[in-house]
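Data block below; observations after.
Chain lettering (A, B, C, D, E and F) follows the sequence in which the chains are written, and residue indices restart at 1 in each chain.
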Amino acid sequence: MRILLINPNTSVAMTERMVASAHANLAPDVELVPITAEEGVPYIASRAEAQVAGTTTLELIARHQQGMDAVVIAAFGDPGLIPARELFDLPITAMAEAAMFTACMLGPRFSIITFSHALTAWYEDAVALSGLQPRCASVRVPRATFRSVHDVQDELEGDLVALACRTVEEDKADVVLLAGAPLTGLAARIADRVPVPLVDPLDAAIGQATLLARLRTRPASAGRFARPGPKPAVGLTPALAAWIEHRSEAADRSVPPARQEAS
Amino acid sequence: MRILLINPNTSVAMTERMVASAHANLAPDVELVPITAEEGVPYIASRAEAQVAGTTTLELIARHQQGMDAVVIAAFGDPGLIPARELFDLPITAMAEAAMFTACMLGPRFSIITFSHALTAWYEDAVALSGLQPRCASVRVPRATFRSVHDVQDELEGDLVALACRTVEEDKADVVLLAGAPLTGLAARIADRVPVPLVDPLDAAIGQATLLARLRTRPASAGRFARPGPKPAVGLTPALAAWIEHRSEAADRSVPPARQEAS
Amino acid sequence: MRILLINPNTSVAMTERMVASAHANLAPDVELVPITAEEGVPYIASRAEAQVAGTTTLELIARHQQGMDAVVIAAFGDPGLIPARELFDLPITAMAEAAMFTACMLGPRFSIITFSHALTAWYEDAVALSGLQPRCASVRVPRATFRSVHDVQDELEGDLVALACRTVEEDKADVVLLAGAPLTGLAARIADRVPVPLVDPLDAAIGQATLLARLRTRPASAGRFARPGPKPAVGLTPALAAWIEHRSEAADRSVPPARQEAS
Amino acid sequence: MRILLINPNTSVAMTERMVASAHANLAPDVELVPITAEEGVPYIASRAEAQVAGTTTLELIARHQQGMDAVVIAAFGDPGLIPARELFDLPITAMAEAAMFTACMLGPRFSIITFSHALTAWYEDAVALSGLQPRCASVRVPRATFRSVHDVQDELEGDLVALACRTVEEDKADVVLLAGAPLTGLAARIADRVPVPLVDPLDAAIGQATLLARLRTRPASAGRFARPGPKPAVGLTPALAAWIEHRSEAADRSVPPARQEAS
Amino acid sequence: MRILLINPNTSVAMTERMVASAHANLAPDVELVPITAEEGVPYIASRAEAQVAGTTTLELIARHQQGMDAVVIAAFGDPGLIPARELFDLPITAMAEAAMFTACMLGPRFSIITFSHALTAWYEDAVALSGLQPRCASVRVPRATFRSVHDVQDELEGDLVALACRTVEEDKADVVLLAGAPLTGLAARIADRVPVPLVDPLDAAIGQATLLARLRTRPASAGRFARPGPKPAVGLTPALAAWIEHRSEAADRSVPPARQEAS
Amino acid sequence: MRILLINPNTSVAMTERMVASAHANLAPDVELVPITAEEGVPYIASRAEAQVAGTTTLELIARHQQGMDAVVIAAFGDPGLIPARELFDLPITAMAEAAMFTACMLGPRFSIITFSHALTAWYEDAVALSGLQPRCASVRVPRATFRSVHDVQDELEGDLVALACRTVEEDKADVVLLAGAPLTGLAARIADRVPVPLVDPLDAAIGQATLLARLRTRPASAGRFARPGPKPAVGLTPALAAWIEHRSEAADRSVPPARQEAS
């Protein structure tokens, strides 16, 4: 099974770290195909940047979907997730949603902790989008600042452990999500210092994508995720324009390539 | 007072019709400055298209905000509204949100009626985003089809009147919104055939933008709509990149030009 | 355009202050017609007083609606708002509802701050009535007490600024409403000391009434705000009894005077 | 135990019918003290009328509370209930709220059926006020019309039975409330023709008032129902003004007369 | 009227204390018939124990329902309440639900205080089940520990009073529930030290059962609480198996014995 | 990886069918260990039966958890799920919850269809417990009846296909869940006749259990799912009593056997 892992940030180093971290918990038959955005910002940290990144995500899926069984949008905040599900026919997951649904099977209420205040409004939007607000105990950030996004999980390790423990004590969290691609892999390292389960959102997103691909459900031809009809479009990348105009190859098949291969 | 009216669809004819329609209900001191998107689709009808249009909206505001007192995003569905509010410092309204808040002052529950099934999932998202789901009685579409988006309000006039009446009877709507830019101006024409108030979303959006500009509130420097710090960005249009990187002129002022002028 | 401004408190001084404050942000074509209650309490501060004031509000609208384009109920807490909308045919706004809807276009979550603990339960009811509870971050009051309702905005200015800043920091408010007629006009004075937009509820209520009047929507003849049929009534003021019994002049017209004039 | 039964409608015949009906299910130690409003309308059927009746209710409680153990507001829609609880120190119940809470112990979801469309918006408000909207399956009215409010339960008996059965079948109601004072006593007569429990709101309201009086809880001196401090008031009835100004006898005692007697 | 009081804990001493306490507020025509569980744990303090106790509760009702007018499940947390209502035909109440509905008639928001952290997750579930989460201000426990469940209300009296006062101050509770069978009777003793009404859940549950029995509503033969059809069952106690298989005497009657007697 | 598959119904034939069906979508490294209840009913179809089955589920997990990596409760309705998660230390999933969370990644709103009206109240409870009510479009049952639970998916195949299509059309479902263990395996057979994705709840539950086991999160030692302290218990099966009393082997380890093996 091949899973397209899209990093909508422009940092290749972050993509590499995510792939390395993901391998520890992969099912034996899963192969990750990582792609890094070439346009946008090194690290998405606002809703304006997420708006731009959502469009980039659609472009990358259009370009690379051929031969894939599922897609993972590897940014917590899930840029482009709903439009992508509407537009494309393969299963698509993203880090925030997958982490939240997974967390709900580990405890009644979860908290999301991350490393920068700039991120919290965007993450709150992701909670609202999922419909899980009643199960979200808090979205929190440590007071300490950091120098480099790339090293933030080392720089703030102690602060994040302390904050995770505080969410359990003060916010009554039963599970804690370590949110933001730069925290990928931290959960395993600090699990024994926090008294509740920690969810690594990348592991959750890849796990859920694997699960959806195994279900081999058909793409919707009715309802809110039915693929829109062909539409002329100006100013988009060739692959996205071709897909939106129903000119690309996959569009001629009732079932997309990845899924036929899977059956 | 100058209000930037952004049509994120690429249809200039639609922009012209909206401007003509808006003039009937404008405050005497308001001047509209209309802009039409040059990239995207002629008429946004899916969430994928709205994703793309949201980015276009940010680009157009970045390019044209200088000298404006407020912005109206002239598409029901409000592409880019939240990112735009976070990113820019002037008051910004959009058709769906403005129409819904306005409707809530005219009746306890509103229905949204439009002309194509393709639009309803996107409009439902706009309802959810506003937090007004408990006040939304229904989102409905007539069974009849139409030939041209440009003439749809004439082609379906009778069907839309009948549907509006049915939402009052069956869904217990107390106000009806005629949603979608192509229905702009229809409300005034059919008001006497529907037993509850009809809201024209463009009038509502311009009215609310006028109101916000008159309040002359300061832009947020804290909270969820505080402008993000400067960030290097790749692949964006020059005006948007300059604004995101805090390089454009307006960025050097604590209060944006339009508002200084207003005080 | 003529807007009837009803102060359901018996304090004429407060009416005068509100009118003075409102003039700064009025549209050029709007004329305010202020009326002060002659029965009730000098300043409504409980739900029992609001119950009484709601009836007074209906009486005042019945008496003064002739020739008006819209009505503003100038008390935060909105006494009589829903009954008035059901009973009368002109657009009616009130301070709490208008301030909340306006605030929602300036930030995702708002806080309400006021000057006396006695008011908070009443204000919470207004939040619930609007359906905006999920967007209300808090309703708060400074610890300090005051001597005179008339001077409270001066006496507590520093405390209210500090409290507004605390709601941003502690409650994550993105907009702050300065609630209660005695705080009218304060927003403009302290805006530069609070890092998020401040909403003046009177400006919002007059602005929304102006907007609704401009829309020239028809009164509902069906649904929850359709005018009730004639009913014999005992013990009411003559104007209210006449209107409830459909004996007053306006009742003979399908469209009330103010709206005919506007068209 | 003495329970003050306030009919905020001006119909004495209805009061008599309610008292007669209530006696069938009264606890052996309960005495009802019925009072009929002298001002207002014969039968409240709009929110404007309920606004007026709420003030009347406060006046009647102020005048007759001496020596009572609890108060029942005998109108479905509960005019003045929240202000009355804030203002007075005895337990107070009302027909809509009491019927809904009682119904929730008889089935997961309830429907409210009544006899006139004019009433439904008011009854929906009562559902919202209780916070029980998620448990309300529907608020419905038969299509048939009636001649006399006084005889409506006989005229529409068959229609109401059929409607109750339809709410079970179509709306999945598990309990049905027969709402509106004119339907008092109907539940017992038609119970064997409807397959789920029927709640008589007057029985529920008296039963809950009896229960609250037996609990002998203290009146709140803090929180949302703490009695407001003394306030000068103009234009109210003497008893209500005296109570609001803390001039009446009961105001000098920390615990009101009825409750001292009970302990 | 005979009310079956089921203590699903195995502590006979607790049953005796509850019966003694209940007598102070009983209607003159009510007789309590107490039963103590013989299997399970001395004091239920987890959801796993509540799961087991729920089955025990069904067994005890099956065995002892004959001749009863109503049932009270005398444990806060309400083990088996919903299944019991579905399975049996008499009115059934339980301490958490009854206390919450009762509290809602005494104040807008209630807090639940109890004596052990182990209990709070279970109590939160009871709040969620009732649908009253928006009216629950908090579920809290004092920091102090105790030696004996039997004496806990004496050991922690001061702490519980202080905590009740804190919920009023900090959580804005308007009513406080003293939750957990071991706190039965405490409310009366400390009422004068807490500024809002205190609800004793056992009094509430018996009062509500009394009220429901007086209403003499018919058991549901349709909807979510209609008795399931006969079913073969293995491994249950004889009385429960007989009832589930519709073999026991009461099953042959359309109305159960207690209710016939009552009519 | 070993997953304990608990069928809380007493039908061995159903267990066998579930195991056969599950093998089609299993990850290559997963081994199922099926167990069938020996006490209870052949097919759970009421909340009373689910109450009894929940206790049986706890007993079966206590008896068979040794050496397992995760548990699946193989009944839609999830008997004992929350108590089991609180009591035991391995990941536990169940059919309703897993199917709903999975469905939410395939479409905005899901419908649940099943084969008997007796089941719907229980399934609605499962929806409420998950917190996903806003995303549930409907819970529906075909009108047709069936002879044998064992053959129901064949008998009603056409009716279930038609009903699934109707939920898409009438209820606006974007995903359909085929609920109830007897429908296991049907989704794959009818997928091409329904225009939206169909979720097989058993596949979802096993997939989610596999995912959770791969995450290797630690069991909670704080919060709502922390294992309760030791407690004396009377009348339980030996394995459950031993686990509740912390006497069984696994209780002596801070991390349960299955998870040590996994690390």
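Please note the rule applied: a residue touches a chain if its C-beta (ideal position, glycine included) is under 8 Å from a C-beta of that chain, and two chains touch if they have at least 3 such contacts.
For each chain, UniProt lists the protein as follows: A, B, C, D, E, F = Aspartate/glutamate racemase family protein.
Given the structure is predicted, the values throughout are model-derived calculations rather than measurements.
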Inset, instruction - Compare the contact pairs of D-E with those of each option in E-F, A-F or C-D, and report the one where over half match by residue number. - result: A-F
Legend entry - E-F against A-F, pair bridged by the larger set of C-beta contacts: A-F
Legend entry - Copy-to-copy rotation for chain A and chain E - C-alpha atoms, rounded to a multiple of 5°: 120
Inset, instruction - Quick one: point me to the chain whose Cα centre is farthest from that of chain C. - result: F
Inset, instruction - Provide the C-alpha centroid distance between chain B and chain E, rounded to the nearest whole angstrom. - result: 53
Legend entry - chain A-chain B separation of Cα centroids, rounded to whole Å: 29
Legend entry - Distance from the mean Cα position of chain E to that of chain C, given in whole angstrom: 45
Inset, instruction - Indicate the residues of chain E shared as contacts by at least two other chains. - result: 108, 121, 124, 134, 224
Legend entry - For the chain C and chain D complex, residues of the former touching the latter: 10, 38-42, 45-52, 54-55, 58, 80, 82-84, 86-87, 118, 121, 124-125, 128, 224, 228-229, 231-236, 244
Inset, instruction - Would you tell me which residues of chain F are touching chain A in their complex? - result: 25, 27-29, 85, 91, 93, 97-98, 101-102, 104-109, 130-132, 134-135, 168-169, 172-175, 187-188, 191-192, 195-200, 203-204, 207-208, 210-212, 214-226
